[in-house]
Structure formats: structure tokens, C-alpha cells
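One chain, subunit A, appears in both complexes that follow, with subunit B as partner in the first and subunit C in the second.
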Partner chain A sequence: MLWVDDYRPRTLNELHYHVRLSQRLKSLAGSGDFPHLLFYGPSGAGKKTRIAATLNELFGGGVEKLKIDQRVFITPSRKKLDVNVVQSNYHIELTPSEVGNYDRIVIQEILKEIAQTQQVDVSAKHRFKVVVINEADSLSRDAQAALRRTMEKYMTNLRIILCANSTSRLIAPIKSRCLLIRVAAPSHEEMLTVLNHVAKRAGAGLLPQDMADEIITDANGNMRKAILVFEAMKMQSPDLSSSPPIVKPDWETYCYKVGDMIIQEQTPQRVMEVRAKLYELLSHCIPPTIILKTVADRVVQKVDESLKADIMHWAAIYENRMRLGNKKIYHLEAWVVKVMSLYKQFFLGIELGDLDDFI
Partner chain B sequence: MPQKASQQGRIKHRSTLKLDSPPPSKKFKATNSVMTLSLSPCSVIKPRNKPPSIPHLSKTSWPVTAITKDAKGKGKVTRDVHAESSDDRLWVDKYEPRSLEDLAVHKRKVDDVRRWLAEAFSEIGLSKHRRLLILSGPAGSGKTATLRVLAREMDFEIAEYKNNTNSTQFSALTGEPSTSDTQDTFATFLNRAGSYTSVFTSARRRLVLVEDLPNILHPGIRARFHDTLRVYVERASGVVPVIIVVSDAGLRTEGDSSGGRSLDLVIDARTVVPPGLPDSLFSEIRFNPIALTLITSAVRRVMDLANVRLSPSALHTIVEGAGGDVRSGIMTLEFSCGHPKSRKQSTRLSVGSIVLVTQREEALLLFHLVGKIMYNKRKGDSPSRSASRKDIARDRALDQSLKDPPPLPLWLAAEERRTSRVDVDALFTSTPIDASLFGLYIHQNYTQYCTNLEQCNSNGPENWYDANPHAFHIRALGTLHSLPSPVSSTGQRIYKPAFFDALQRERGARDALDYTSNWLSSTRLWPLVAMTTELGGILRVLGRRAPHGHHTFSELVFGRDSVGAKAMTEGDVEGGVVDYDEGETRESHYLEDDDIEDW
Partner chain C sequence: MTANFFQARGPSKKKTGKEKESIINPSLQPWVEKYRPETIDDVSSQEHIVSVLQKTLSSTNLPHMLFYGPPGTGKTSTILALARQLFGPDNFRTRVLELNASDERGISIVREKVKNFARQTPRAETVASDGKKYPCPPYKIIILDEADSMTQDAQAALRRIMENYARITRFCLVCNYVTRIIEPLASRCSKFRFKPLDSSSARQRLGNIAAAEQVPVNQAVISTLISTSSGDLRRAITYLQSAARLSGATEPPTPIFPQDIQEIAGVFAQTVGVDVPPTQSGDEDIDMADVTPLTVKADLRGFDLIRETVKLLIREGYSASQILIQLHDIIVEHPTLTGRQKSACALTMAEADKALCDGADDELWILEVALRVHKVSHPE
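Showing the complex of A and B:
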């Protein structure tokens, strides 16, 4: 087990930061009238920890008796979908976006099943069960529409807790049916508290201040990442005396190098080389959106001020297209070609305005 | 005919050898179905030029008695069939080549076969190594015809093996067809054909022809077939040469989805020959599709014999449409000459209707399809250095038939292109792949053909997504529009999309992620993104304690790229790749299928 899982707060009282949010959640859980919730915020901010803690507040310790199941769903075209589901007597948690475009089927089946069964446990605090849906912002529109309908229909038997990075990809009807709860990234000090707490519980001794600062800066508000890095460091030097440098993850350096490739040369030949790199990234399961974002960040650092806005503008456009279409590689590559061509035009001193007219 | 009666008695008695008469042709089965009901698994075929002693056997019409017997032998049905005057046969059989001059096969091929036969029949020398010959080649390339002509010329007799589908015995207990029976018939046939001569024959030499193979796609049957063949071929003496005719299955067409998926499912020379048989014991002669000129003369000959006339252009259409298949050419001729009864009048047909008749759904090879798009030939291109005069003339004729589109208005002058020689509609009808796979091929290859970056830019595939019924046209036209013209040739090769390789590895990584997720926690779902982007460091530190296979998603070394696209060759068929795409990509998370157009 990793520290992230081991020393994770179980109840709302144990949470270290966003104290007022914890209080609100507590009173919500105690009020007896519990709404659908939508937790949103950057990754590693503690959304799922708060969801688990809220469930604990709602139903008591019983929610911690968990088991992971693999559920099989069958599409109308007789395709089998395997979805991992975490379940207790009171709730069920799943990530429907795992199955891509078939998420609607998973949502419908699961919700129908939960909604049509009554809570049999008489000692249960609430009559409803809770369905936790992870990565709600990657749900397809179909799935979101299906969700919206169910939320109204089965209010007596079930509550839904959605967990998303941002609300921008959720359709408005869903947002309006939920109580929106923003979980902001922890501040530097808050992260420091948590890291020290983890260090104490893990028996790692005192965490040196400069090392903590380094970890926190690198994590950029991602608590999970910070703890993972901390644990890795602890493994490398058990007494924490010499702090080993924080290494960037492979994929990140890789993306930076791809960005550099784009800047160095703008030829069809180079496009093909970049394509090979992109394929490599994709085949390591790095989400295309993250690839695009990281490469774009890198490119923007290197180019002239006047180009930055354009590059990001096109990154946004191709990111959108990537979601609409399939075959992510097309859109990634299209963006690469676009950036190369912008960069080249810039150096040739051609008015960019002309170009935009007929694109 | 006392002689005949006694023969029939004997046939019934032995019930293995049966005289099929008169026309010993494989097509006969189709025209006169009664014959196929025969009980015997084989037929001894006499050469077509009957020795003068019994001329009436084939030339005149006489009652043929075919004996049918149901599987258990309870009843006997006897029917008299009046073989009509040979008019009813198809032209292919009726006017089959009788001499070397008539044969449309290239002379050198015929010589090859003749030399092999001569060596096989010679008393000394090579005959030991000339026991098994495989004639392979596409349908209608004259494999069997060559043999028959040579049989006449060299005076030997052909004993042909035929599967007898009607007498399939069902075992009483299991209800399954007893394969051993059908297999044994082959062994029996081979032995008997090797040892006994037909009662009618005057030919001194014989060979065994196997055209109708047992179902060797079934592993058991194939094993036994191989055993039988091996034992036969390796026998010390007294062996009659065996010739096996194998027609290549049309692997090129789209409908043949089994093609290429597994070698086991394709009958070719390799599957027929027993594995491990020394090369010296068998030979293979490959027939090629027949050249246009040869088909033309063959069709002409049939026209003369059948007394029909066709305009040169119609003849040309027929020959073109045959695609190297003489049989198809003659069939088309017969068909286009109308009903058999009315064919006495010389018919004139419009070329259009012949096109309707002859058009085959032959898919364009993927290789050529991509090439056609990539080379972006336009009107007025200067011919390449290697082009023959004929090619140049053809291009010129094509250019003349192309109409220039009206000039574009001034503000679109940048989009002006010369008229394309590529007919996208025609490509579309003959494409072997669907639009999305086509997109992948285009995507993989177009960059090489661009000379500068701007040409890559407004390229077709990127700007449209898949849920578009006109995707193929948009892609093809968009690509043609953007590519430079003429395309600079710098030794580009056409590659298969690297996409599938990447996809496969992505799936491998996904499995590793699943595994890692279980390893991490048994009660918590780790977000995938967090695992791929944040776990790398700790997994590396963990070293050997880390879950197996995690490096498929956590390790990325720049410059060590394994996504290499494989070059395509002309022989490549899209079979395997297509299946892969249809079946598997749909499962993947990042590759949503066309369901996306639902909303």
C-alpha cells in the first residue's frame, strides 16, 4: 500500500484543509435531506477523499466495508463491457468513462438497478443508496442525458455524487440538479501541514523544510502527487538527509522534447518524426488532452510573444475537435502542423491575418 | 450393346470405377446434374480424341443410365437421360481448346508442363522425381485445359478424382458424417487408379488428376490426405503421376474476409503438399492470368466456332472485363450473345450492356489505391521517364476526355488546380476499405509527398471527423487538392498505418494499468490519469517490487521509438488489418466508434 492510500483521512473531522467545506458537508449529511452533489476541482485536491468522508458521515463505518467487482454489461451490439465497480452496502462507485462511448449503457444499467432496489437494511440511516460517478466530465453527452433523466425519476431511492475536474463539460441540466461543491487545490501551507502529518504517521521523522518546499512547488497543488513524490524520496534516501532531486515524470520530459522538435524545424519530414513521438505517447496511455496541453505549454514558452495567443487558440480548437471526432492522432498532428506553419510564417514575415481568412 | 451391359454390371459390382460419359469435363456437372448423383467417388476420363474403335461413345447421342442409390442402399433409382446433342453445354466446354494452337496459355507454360509429363512418363531418369505436380494459378488461367490438350497430344489418359458429396455416410450412432469414409475413398481411388487401367483405354499411359480436393481445410482430413499422398508418392515403383490443380482463391476482394487472416484457411500449393515432403518429389508450375491478346484470340476463336459477330469495341470490353480469366471471357461472350435458341442470328450488343454483364467487383489493391491518391496525377503532367509510349498515349487520351472546370473567381485564385486525372468516384466504387481506414492510410502517407509545410496544412483528413457519409470523397478530394502537383518523387514508399501498432501497445499498457490498479489498492479505484501521469517516479524507485509490466505506461525514453510504420508492397491485402480495425479499435477508450454520430 502506498502512503496516499494508507494515510488518507477517513472522516470529515480528520481532513486538514477546507475546514468550512467540511462543516457544510457535515451539516448536509446530518440534515436528512441530502441532495445530489457535484464535486469539482483540480486533480489531487481531495475530491474523492471528501466524498468518502461524506459517505462515512452519512452512513457510518459500514461504507468502509468495500469490495471491488468487475461488472459485465452487454451492449445492444452484443459487445461485452467490463467495468470495475467498488461497492458497499450503501453506495456504489464507478468510472463509466472507462468504456468510452458505451458509457451510456453502463450508466443506465447501474442506475436502473440501484434505483429499483430498496434498501433492505432496516438499521440503515437513510433509505437511499448513493452512486458515485468518477470522471463525470468525460461522460459522453448521451450518458449525461441519461443521467439527467434518472436523477429526477429515482430521487427516492438514490442520490448521485459526481466527481469532475471541471464543470465546463457537463451539460447545464445536470449542473442545475446538483449542489455544486468546489474543492480547491490546497495552498502551500496546507500542503505542508498534510506532508508533515504523513511524515509523522509514517514514522519518517521530521521533513526538512527545503525538501518540503521543493516537493510542494513541484506538485503544484496536487496533494496526491506531493505525497507520492515524498514517498519515492523517502524510499531513495531513508533518512531524508540528502534530498535527491525531483525527477520529472518521463512523459513530461518527452512532451517537452516534442515541443522542442516543433520549434527546431518545420518540414513535412519533421511532421512525420513528431507523429512517431505522438504515437509513442498515446501508446503509453497518456491522455491526448494532456499531451496537447503539455506540448503547447512548452511551445508557448519558446516562441515570440505575438504567436502565443494563436498557438493556444488552435490548441483549444483541436482539443475540441479531438473530443468530437475519433482517432486522436489526426487532431494532435493537425495542431502540430498548424503550429509549425504559424511559426514558419512568422519567420517569413507574412501577415498572419491573411492566412486566417481562408482557413 | 452387350459389351456395354457387361461393363455396367461390373461397374455396379465394384462401384468404385464408373464411366462418366460422354463429356469428361468438370463443367459437365453443372449442366447435367444427374451425373453427379453417381455413387462412385471417381470417374475415369478418357481423352477427348477418342480412339477410332469406339467413336460413337461421345459423338452420338445415346441413353446414359445413371444409377442413384441412397445412402443405405435400400432403393435404386434408375433414370434414362437422353444426353442431348452437345448443344446444351456451355460454350466453354463445347468449344474447349483441342489443340495447342487453340490454347490461350503462354507457350512457355505449356512447354513446362509438357516437359514434366515427358519426364514423368519416361522409363528412366527423372521419372522417380516426377510423381506429384501442382498446377496453381488464378481461376480461368487454363490449368486444366492445358492438361487436356496435352493428354490428346501426348496420348495419355486422365483419371480424375471427384468428391462424392451425395454418398456421405452418416454414422448411425453419432449422426455425423463419417469423414473416414470420404477419406478412404481418396486413398482407394489413388491406389486403384494407380494399379488398374480403364477398360476402354487404349492409351498406354495414365495420370491421376485431382481437381476436386477433399475438404483439406479440416485438419483431420488434411492430415489423412497428406498421409495418403506421401505414401503414394514415396512408393517404390508403379506409380502413376498425380497432378493436383489448385485455383488461387480470390484474396483481393473485400467479401473474402477469411483471406489473409490465417494461412490455414487458404488452399494453396503449400497446404496441398504434405509437409516435409522432399522438394525433389514434387514440382509446382504456376499459371499466370492470361494476357489480353491471348484472351482476345481465344474469344475470337469461340466467336468463329459459334458463328457470332461482335463489334471490336464490344470484344474489347469483354476481354478487358475478363481480367485474365479465359473462362469468364467466354462465359460473358455466350451470355451477351443472348439466349441459346436465338443465337443463330448474329447479335450486336451495345458496349454498355456488356459492361453491365462483365463488370466484376474486383477491388483495387490498397497499394494502388493509396498510390493513385498520393501521386496526384493531373491533367498535363509530363510523363515519367519510365513511361512507355503506350502509357503516354493513354494519358493523352485521358486528358482529352477530362473537362476543365470553370475558372475560379479571383479571390479563390489560390485554390486553382489543374484538372485531376484521378476519378474519385471510380476509386470509391473499387476501394477495398472503409473510409475511416482509408483515412488512416492517407494520414500515414501524405506527409512524405509534400514538399513544404503549407501543403500539409489544410490537408483533408484532419479537418473532418468521421461521422460523415461523404468521408471518403472529402478525404480523397481534400488530399488531392492539398498535395503539390506534380508530386516530387524522392523514393517514397507507401506505409501501413502505424496506428494499429500503437493501438496494440496502448492496449497492452491498459492491461498493465489494470494490474497496477489492483496492486495499488483492493478497495479504491485509482483514476487512470493519475496512474499514468503521477505514478512513474514511485514505480521506478520501487524497482522490482513494482507491479509487473508497469513500464508499458510509466517509462518513456525519448528517441527509443518503436512505432515504425511498415512499408507496404503490392501483394499486401488489407484483410488482417481491416478485421483488426473493425473488431478491436472499437473497444479502445480513446478511439470511439461511429456511435458518436448518434447525438
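Showing the complex of A and C:
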């Protein structure tokens, strides 16, 4: 098992950081009137861990007996949808956005079903079941609208825990019905404590300070990534003494290469080469937004101050279009061309300006 | 039996009568449900609408109605209270059909369920079990809650139904955006616009609830509740309840501070803002970086400074829409920016808002807004 899973805290008491938040969750779970919750924060900050720990606090160890089910839903147009559902006796966890536009049907069916059945286990601590909805920010508007009244109506049998990266895409009525719980990324010191804890538990010996610093800077607030990198480094040098350099993921170096190519030369041929590389990245399932952001990061490091704002501006614009559009590569490419032309114009502009001054 | 039944219905009047419900322990109910107004007189801050509806109550003649307004202003509460006052608890279940977005509401449902209900002649009035007299006029009410999420086709199918059965059925459409209701439907209804609650009535209402729940709150907390919820009473009540839960769960109960409310609402704490530590109130920090003449060194690294701040902000997990709202408030009230500069800022913010609604990346757009604001406030 990976360290990330193996040493994941199981209860609220074991959590290392955001102590105040853990206390709050604990008091909520104990108080009897547990509200609907909405966890949000950057990835790798520990949202899922906190949800699992809260469930544990609510219902005891029984929530860890999970079974994975595949449920079939039928749309009004007789299309069959398969959804993977993880459930225990007390809760059910699903990712409705898996089925794209049909997520509303999944939400309606599941919630109605849970809402209309009562808890059969008499020894259960609470009478309600919990529905955990992952990736709530990619729910369609319809699905969110379907949640609204249900959340109020079936409060006796049902509590909803939403998990999202950002609340921007959630409609206001949902937000006003939930208790918002912000899970911020851990700070440098907090990550250090966790890494040391993992090192101790795994019997990996003492983690050298400089190595820890390096891992933490690299992870940029993503705890999961930090632990994964740590484990990888441990594999490379079991005694942790030589401190091997942090292995950047392949795609990241590849993206940097693309960025460098854009800066080196601005010609149609180069566009074609970049395009090939972008295709390569996309075909390895790297999300286009991440590609765009990483390449843009690299490019702005290398260009003149006055160009930076423009490059980010176009990155934002094309990222947005990419979401709305269908074919990602068009927009990535369009951005590349735009950046190239900006860059070239910038240089030509200066040269021409200089010439003017000369004459 | 009757008493028991009535008790069960008492706290949650929202049932259409389809599902029978177990008795709810009132202490476990969300306060928004618990303190829903019982009669239309209890509805806060919508005097005009209440006075019109009072008249219909005495004359027992009701037009088709279209309620619209921002969330949490009492639209659903008003129509439910009105229906209850008209029919009383016993007739309520046979005379009122409530459909909302969580029910399937495609065109087929409009054709079948709504039409069937609409064409039934109302049943004879049963004697009220609680001994009160209710007007109980000879028609039924169909409440279409969240009507703006109905499809155009479904709305079109309603048109004729509304006219055909107008004698025995009244419709009440409830929605946030009146523009999403097709014109032929809107013209068949008398429109009621619900305005955002003014702060004095919201204050009074929150005070009452806090008193009834025996939660000690001071005026500062209530002011924070009102300012963070911007006229949405439901949101304010939910925040209050959450805060009360959090404070009441510890031993001994800690008093509620305005900061708690801000944390629950996901708003940056305003008080920490002024002395510019780059975390916490980063959003003021961006603005400070943009607007106040910074030291030369920081100014040279303008782009990197802004980018780092945005990164930190996103790391803290604040949502982009919240950052936009607060940045907007700061810029609009900013003392030194000119009108032209402010408009330019507003323009980018509008673009960013649209992009965020379309699901664009938070970090990129906040960065974009910050850079634009920076550029605008630093003319060369």
C-alpha cells in the first residue's frame, strides 16, 4: 500500500493540522443536529481525509466497512447509466459528474431512494444517512437545482456532504443551505510535521531538513504530492543520506520544454513541432488546463516584464474558451500562436523603435 | 389520531401530501424551516406584497401569481403561508400541489401530473380539526417552485392549461430570474417582486430567532451576519445556526464573535487587512500593491509580487467568486481611483465573473483581474 493511504489519519483526533477545524467538526458531529456540509479547498489539502474522519466521528468504525457497487440508472430516454458507488451502512459516496450531463438523474434517484428509506440499524448513532458527493463543482446546473429543495425536505433521513475545489461554480442557493468548510493548504511547518510523522511511522529514519524543505517547496501545498514524492525518494535511496534530486514528473519537464521552444523560435515550423508535443501530452491524459498553466508559468519566467501580463491574460482567455469548446488542442495551439506573435511583435517593436530614434 | 397527525404536519408544512412523515424533533430541524412565517403577516419587509395578498385573502379571490426576487427574500414562505391561511391544515394536502426542481418537471409531467391535478374539481371542504374557520375558496393552488429551471417547452405546455382550468385552479410560479419565464406565461400572472430585505427588518428577525433559541448574540454579530449575507435572510439564519452549533458544542459555550461568522461565510477577515501581511487578507494586499505607491524594488517586481499573492490566496482555499466580490467592494469605494479607472476594473471583473460561471480556472482569472487592476491603477 502507498504511504499516502497507509498513514492517512482515520479519526479527527489524528489530524495534524487545522486543529480548530477538527474541533469544530467534532463538536458538530457530537451535537445531534448535524448540518449539510460543503468542504472546499485546493487539491491535496485534506478534504477527503476530513470527510472520512468526520464520518468516523459520526458513526464509529462501521463506516470503514466499504463495498463498491455499480448502480444502473435509466434516463427518461431509456439510456442506461453506470455509476460506481462506494457505500457503507451509514453513508454512500458517489461522483455524479462521471456521467456528464445526466448527473441530474443520478442525484434525483439516489437522493429520493435514500430519503425514503429509514435507517434500519437500530444501534446506529444517528437516524440519518450521509451522501457524499465528490467533485460537486462540476455538477451541472440542473443537478444543483435538483439538490435545492431536497436538501431541506428530507433533512430527517439525509445529510449531504459536498466536496469541491472551488465554490465559484456552485449556485448560491446551495451555498446558503450548507455550512461552508474551508480546508486551506497546509503551511510549511505543518507539512514538515506530517512528513516527519510519516517518516517515523514508516520507519524511514530521520528526514534530513534540507530534503524536507525541498519536498515541501516542490509540492506547493499539496500534501498528497509531498508524501508521494517522499516515498519515491525513499525508494531511490533507502538510507535518505545522499538526498537524490527531486524527480519532477515527466509531463512537467515536457511542458517546460514546450515553453522553451516557444521562446526560442517563432515560426510556423515551430508551431507544428509544439503542436506535436502538445498532442503527446494530451494523449497521456494530462488535463489541458494544467498543460496551459505549466507552459505559461515557464514562458513568463523567461520574457520581459511588460509581456507577462499579456501572456497571462491570453492564457486566461483561452483557458475559458477551452472549457466552453469541444476540442482542446485548438485553443492550446491558438494560445501558443498568440504568445509567439506577441513575443515577436515585442522584439520587432523595440528594434523598430530604436531605428526610429537613430534616424 | 387527528391530534397526532396534526402534530406531525405542524413543523413542516411543506408536504404536498404525498408522503407521510415521521414526527420531526423540532430541535433537530434547520432553523430556516422552524421559523418559516406562519401567516403572511409574519413575512418580513415585503409590506406591499403582504397588503395586496391580505386583500385577496379577505375577498378569497386570487389571480395567477408570479413571485420573483433574489434568494432568501421569502417567496416560498409567502405562498406557503398564504395557502395555509386559505385552506387550513386539513384541506392543504388535497388543495395544494407543490412541485420544485427536484421533481421531474419535463413536458410529460406538465402534461400528466399538473394537468390531472388542475382538472380535478376541488373536493368538498373538510371541517378543520383545530376549530378555526378558514376561507377555503373553491379552487386549488399549484405551486411551481424554482420555475426558472423549467424548460421552455414545459412552460409553453402550461400556457393553455392555465387558461382552461382557471376557474378551479390557480398557479403560483416562484423564481429567481423573471427573464427566464417565457413571456406568454408571465403575462398571464400578476407579478410580485420581492426586494432584498432591508437591514432593520433582517436585524429584528435574527434578533427574534436568537432570543427564541437562547443564543447570546450582540449587535456586532448581527451586523456581520447581515453584511455577509447581503439581503439573503435564509443565508443569515443558516450562518447563525451554524455559529450557534459551533459555539454551543464546546464546554463551556463560547460566545459568538463576528470573526466566527466571517469564517463560516468564507469571507476574509477584514480586520487583519490593513497591515498587509501577504496571507490572510491577500485581496486587500493586491489592491494595496496596485494602488499605493510601493517602494521601488517592489514596483519593479510588480508581476511576480501579484502572482505570489494570488498563489497564496488560492492556496488558502478562498473561492474566486468571493475574492471578486470583496475586491469589487474595495475598488468601488476606493478614495483615489478615478471613475474611469473604476469602470475599467469593473469591466474586467465582469469578464472574470462570466468566465468563472463557465467553469474557468480560478487561479488564472484572479491573476488576470489582479494584473488588469494593477495596470489600470498604474498608468505609466
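Before moving on, here are some points about what is shown:
The rule is short, and it goes like this: the second predicted complex is superposed on the first by the 327 of 359 C-alpha atoms of A that agree within 3 Å, B and C clash if a C-alpha of one lies under 4 Å from a C-alpha of the other, contacts with A are read in each partner's own complex, and residues count from 1 in each chain.
The rule we apply is simple: a residue touches a chain if its C-beta (ideal position, glycine included) is under 8 Å from a C-beta of that chain, and two chains touch if they have at least 3 such contacts.
This one's a predicted model, so the numbers in the text were calculated from it and none came from an experiment.
When the two complexes are overlaid on subunit A, subunit B and subunit C sit side by side with no clash.
Applying the stated contact rule after C-alpha superposition, one finds that A:His197 touches neither subunit B nor subunit C. Looking at the shared chain after the overlay, A:Thr150 reaches subunit C, while subunit B stays out of its contact range.
When the two structures are aligned on the shared chain, A:Leu324 is found in touch with subunit B and with subunit C. Of the two partner chains placed by superposition, A:Lys302 touches none, neither subunit B nor subunit C.
In the superposed model, A:Ala172 lies in contact with subunit C only, and not with subunit B. Superposition on the shared chain A places subunit B and subunit C such that, viewed from the Cα centre of subunit A, they span 100 degrees in steps of 10. When the two complexes are overlaid on their common chain A, residue A:Asp142 makes contact with subunit B and with subunit C alike.
After superposing the two complexes on chain A, the shortest C-alpha to C-alpha distance between subunit B and subunit C comes to 9 Å.
Looking at subunit A, you'll find residues 141-142, 145, 324 touch subunit B in one structure and subunit C in the other. By the touch criterion given at the top, residues 1-2, 5, 43-44, 66-68, 79, 84, 86, 93-95, 97-102, 134-135, 140-142, 145, 222, 224-225, 228-229, 231-232, 235-236, 246-247, 249-254, 257, 266-269, 271-272, 275-277, 279-288, 290, 321, 324-331, 333-334, 337-338, 340-341, 344, 358-359 of subunit A touch subunit B in their complex.
Those residues of subunit C that touch subunit A in the complex are listed here as 14, 19, 21-22, 24, 27-30, 32-33, 71-72, 100-102, 104, 106, 108, 145-146, 149, 229, 232, 234-235, 238, 241-242, 245-246, 248-250, 263-266, 300, 302-303, 311, 314-322, 355-365, 367-368, 371-372, 374-375. Considering their complex, residues 414, 436, 439-440, 443, 447-448, 450-459, 461-467, 498-499, 501-503, 505-506, 509-510, 513, 517-518, 520-525, 527-530, 532-538, 540-542, 552-558, 561-564, 586-596, 598-599 of subunit B touch subunit A.
Across the interface of their complex, subunit C is touched by residues 23-24, 26-28, 30-33, 35, 40-42, 45, 76, 108, 111, 116, 118, 137-138, 141-142, 145-150, 152-153, 155-156, 165-169, 172-173, 175-180, 182-185, 220-221, 289, 293, 300, 305, 308-309, 312-313, 315-316, 319-320, 323-324 of subunit A.
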